[in-house]
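Chain naming follows the written order as A, B, C and D, and within any one chain the residues start at number 1.
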Amino acid sequence: MSTENSTSTLSREDLARLVAADIAPGSYVNLGIGQPTKVSDHLRADQQVTLHTENGMLGMGPEAHGEDIDEELINAGKIPVTERPGASYFHQADSFAIMRGGHLDVCVLGAFQVSAAGDLANWSTGAPDAIPAVGGAMDLAIGAKQVFVMMSLFAKDGTPKIVADCTYPLTGLACVSRVYTDHGVFLVDHGEDGPSVTLREAHGMSPHEVADRLDFPLTLPAENG
Amino acid sequence: MTEFVDTAAEAVARVQDGSTVLLGGFGNAGQPMELIDALLESGTTGLTVVSNNAGQGDRGLALLIKERRVRKVICSFPRQSDSWHFDEAYRAGDIELELVPQGNLAERLRAAGAGIGAFFTPTGYGTTLAEGKETREIDGRHYVLEHPIRGDVALIKAHTADDAGNLLYRKTARNFGPVMATAAAHTVVQVQQRVPVGSIDPEHVVTPGIYVDTVTALGADPARPEGQPENHPQEAKHA
Amino acid sequence: MSTENSTSTLSREDLARLVAADIAPGSYVNLGIGQPTKVSDHLRADQQVTLHTENGMLGMGPEAHGEDIDEELINAGKIPVTERPGASYFHQADSFAIMRGGHLDVCVLGAFQVSAAGDLANWSTGAPDAIPAVGGAMDLAIGAKQVFVMMSLFAKDGTPKIVADCTYPLTGLACVSRVYTDHGVFLVDHGEDGPSVTLREAHGMSPHEVADRLDFPLTLPAENG
Amino acid sequence: MTEFVDTAAEAVARVQDGSTVLLGGFGNAGQPMELIDALLESGTTGLTVVSNNAGQGDRGLALLIKERRVRKVICSFPRQSDSWHFDEAYRAGDIELELVPQGNLAERLRAAGAGIGAFFTPTGYGTTLAEGKETREIDGRHYVLEHPIRGDVALIKAHTADDAGNLLYRKTARNFGPVMATAAAHTVVQVQQRVPVGSIDPEHVVTPGIYVDTVTALGADPARPEGQPENHPQEAKHA
């Protein structure tokens, strides 16, 4: 897999590999529940990435199996996990201080929608009969130095999930830095002249085709611009 | 001063009809199952429960909700794949829900324990969970004003207590315990073991005894047989 | 020494003994710098009082001497102290959360003045050329469930130090519960009908003589009222 | 990620003229004397120093003030029996003082580290130290609004660091270290010893490595000869 434009879309595995490769060595990272969890499979040992789980731990290791399962050592998805050397435990207020205080380098989240201003919608479909649950989503959205989103670019009905304005209930405003999708990687710039979105690379369609499907002005990669 | 009682039933005697109860745990980890069982036995009802979740499966808080002892839940993540008792009570209109982002929940509990009157948090700004709340821009960032959450009683789980009430926890079961212990008028703790004063290194104490009112030591946890000592805190091994 | 009215004034040692005897068994207590420190000499082991020092410790023991001196184990007055079994260490924010959160049962402080409303002035003389220093005084004043003050009833110039309104800069408002002085013990009641001060016992002068010297209405002990 | 450097001089290289420096310590306990000595050597000036005190005797911060490297001090207790260098600078009008009640100082540092925009504290209400500050009555109690104190660099002292930057402190020398470590853009720590990852029980970590940017291990402290091992944290003995 290359990070240049390609004619085939990226699989979920490709995406996880791409995100993992983009995380700077030595980073402190929180991986959200679901698709983002897969990123850990592609982090190389020499990247020395330390994983945070918001239920009170730094230095989280891979999922636990068999005899290693300990119901008092779980991740934010309540899956049994393991402990890396150099780990530490802390209580919930200290754990969220790590996030809210901006100490994590990267947080990787799933999403329903991301706006061209970097607004994130990932906690509620807004369906009137749904039982709401937010967990740490809003803290994760506003806490990390960089928030990476992983999702498909289009919903099942073909409408784009990167939009001018989110129609789903918001998780956080102007918080997303990058969006990794099956059809390409989008960089959100929160500049002083207002936000802008640049397509870093396209997959499965051309950059112009991607731009045509979106309802906001997309900056294309330099070689295509 | 910390009192030690022999049974979970005695430990939860402080909880009254209509009490606000801070309930430790993230999922089942750190949830004081035996104290909750005693609360079920006691018949106490009309409770407001503050907890991260609203119960899983058929244990602990889920059973309190099933039995309709809980009038209101203040939590961050009620809906889960196995939260069927909460789901049913909620859809039946039998339980009130105040949904709070998890970090704000933790910080509001901390504020209660630390004597902070209110605080400006960036979490939730611009979302429906901040609707109607005071907001302010400070140094170019937007914040929401949040207020403390105090409990009449906290029910939490720790691993070890010494005779002075100092607590050690275990791994991610620590979660809300240390914060809730500070935020309630009366803090009740179930521990696996009680050790003499002096058994815990003062550098390692997580919750000082000043926050601990009642402790009951349950002995060995069936889920953690003695054959796994390497998973216990260091002091536990020395005691 | 009795707690009834007496014809001789109380020495500083008497006061320390009196305060110590009034601390309920099992209390968590912070003793301020100076005269209040003496209270610890009179606490009985069976009272099981736990001492807090705001620089980060519960379970503080007596002053350290000789080989026991450790410059990393000091009290708020920067005097080397010792550690009791069952002690714990914590950082400064956690230590002041213990105070501000109202978790200490009793705090004993010195004072320049206390008002009839329980206002405390003990951190600054207000002299224009003085270098100000407040330390933890304002946190201690408002934090504990009960604040006991130890001081002489009269200044060197004969003016009373319990006054209608403090003239020295305030440390905290309506925070003092009791004042232990050489001439008697005063209870400050913060009732719904406004504050009132009751003389519990007089020493070295009669209750009426004490009342005559003060410029606010003093409630006298029941047997003299 | 935590970097380890060989000398105190390298460790303080981040401090620039005009920097705001959070300086650990309560009196001399926990004051990073060797880092301050290196700062003296470096010639850096125009500093704003946030610390509980303003130096004692002829060591550490007192010398920085004596040499007029400090433009402003934010502290709770500058005036002491042996604060002669501060007293002289202050009376000469050479140093600015912002006096903050100690608990507000600690909480403002914590707020900076925890991303809290501002908070209502009861401490100082109605006193001259709250003059001009916003106040509010909440549930019948009066509060003052206080804002975070952030540092460009924190210089603190701990006892032990592992290779991941996790820190253990020693007794009341812990004081402001853990809070300041969270409140600065760059945190520099002097420790007595560095130990391999895995030497510190994860339950005992006081400051996680995420808060620690630069560490220098000084080796044995002349004030604490090896003959006193019982005063060292438990892990230190095992290392």
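Here is the rule we go by: contacts are C-beta pairs under 8 Å (C-beta built on N, C-alpha and C of every residue); 3 or more make two chains touch, one makes a residue touch a chain.
Bear in mind that the values here come from a model prediction, so they are computed numbers and not experimental data.
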The chain pair with the larger count of contacting C-beta pairs, comparing A-B against B-C, is A-B
Note: chain D sits from chain B at a C-alpha centroid distance in Å of 32
Chain A to chain B, mean C-alpha position gap in Å, rounds to 29
Dist(centroid_CA(chain A), centroid_CA(chain C)) in Å evaluates to 55
Distance between the CA centroids of chain B and chain C (whole Å) is 35
Note: chain B residues in touch with at least two other chains are 107, 110, 114-116, 121-122, 169-171, 202-203, 206
Chain C residues touching 2+ other chains are 57, 83, 89-90, 96-97, 99-100, 143
Every touching pair of chains is listed here as A-B, A-D, B-C, B-D, C-D
In the complex, chain B touches chain C at residues 1, 110, 112-116, 162-164, 166, 182, 197-198, 202-203, 205, 208-211
In the complex, chain D touches chain C at residues 26-30, 52, 56, 76-80, 86-87, 90-91, 97, 99-107, 109-110, 121-129, 142, 169-179, 206, 223-224, 231
Counting only contacts in the complex, chain C reaches chain B at residues 25-28, 48, 50, 52, 57-59, 83, 85-90, 96-104, 143
Note: in the complex, chain B contacts chain D through residues 107, 111, 114-122, 136, 138-139, 141, 143, 147, 168-171, 201-204, 206, 233-234
Chain A contacts chain B in the complex at 53-57, 70-75, 78, 83, 89-93, 95-97, 99-100, 119, 124, 130-139, 142-143, 169-173
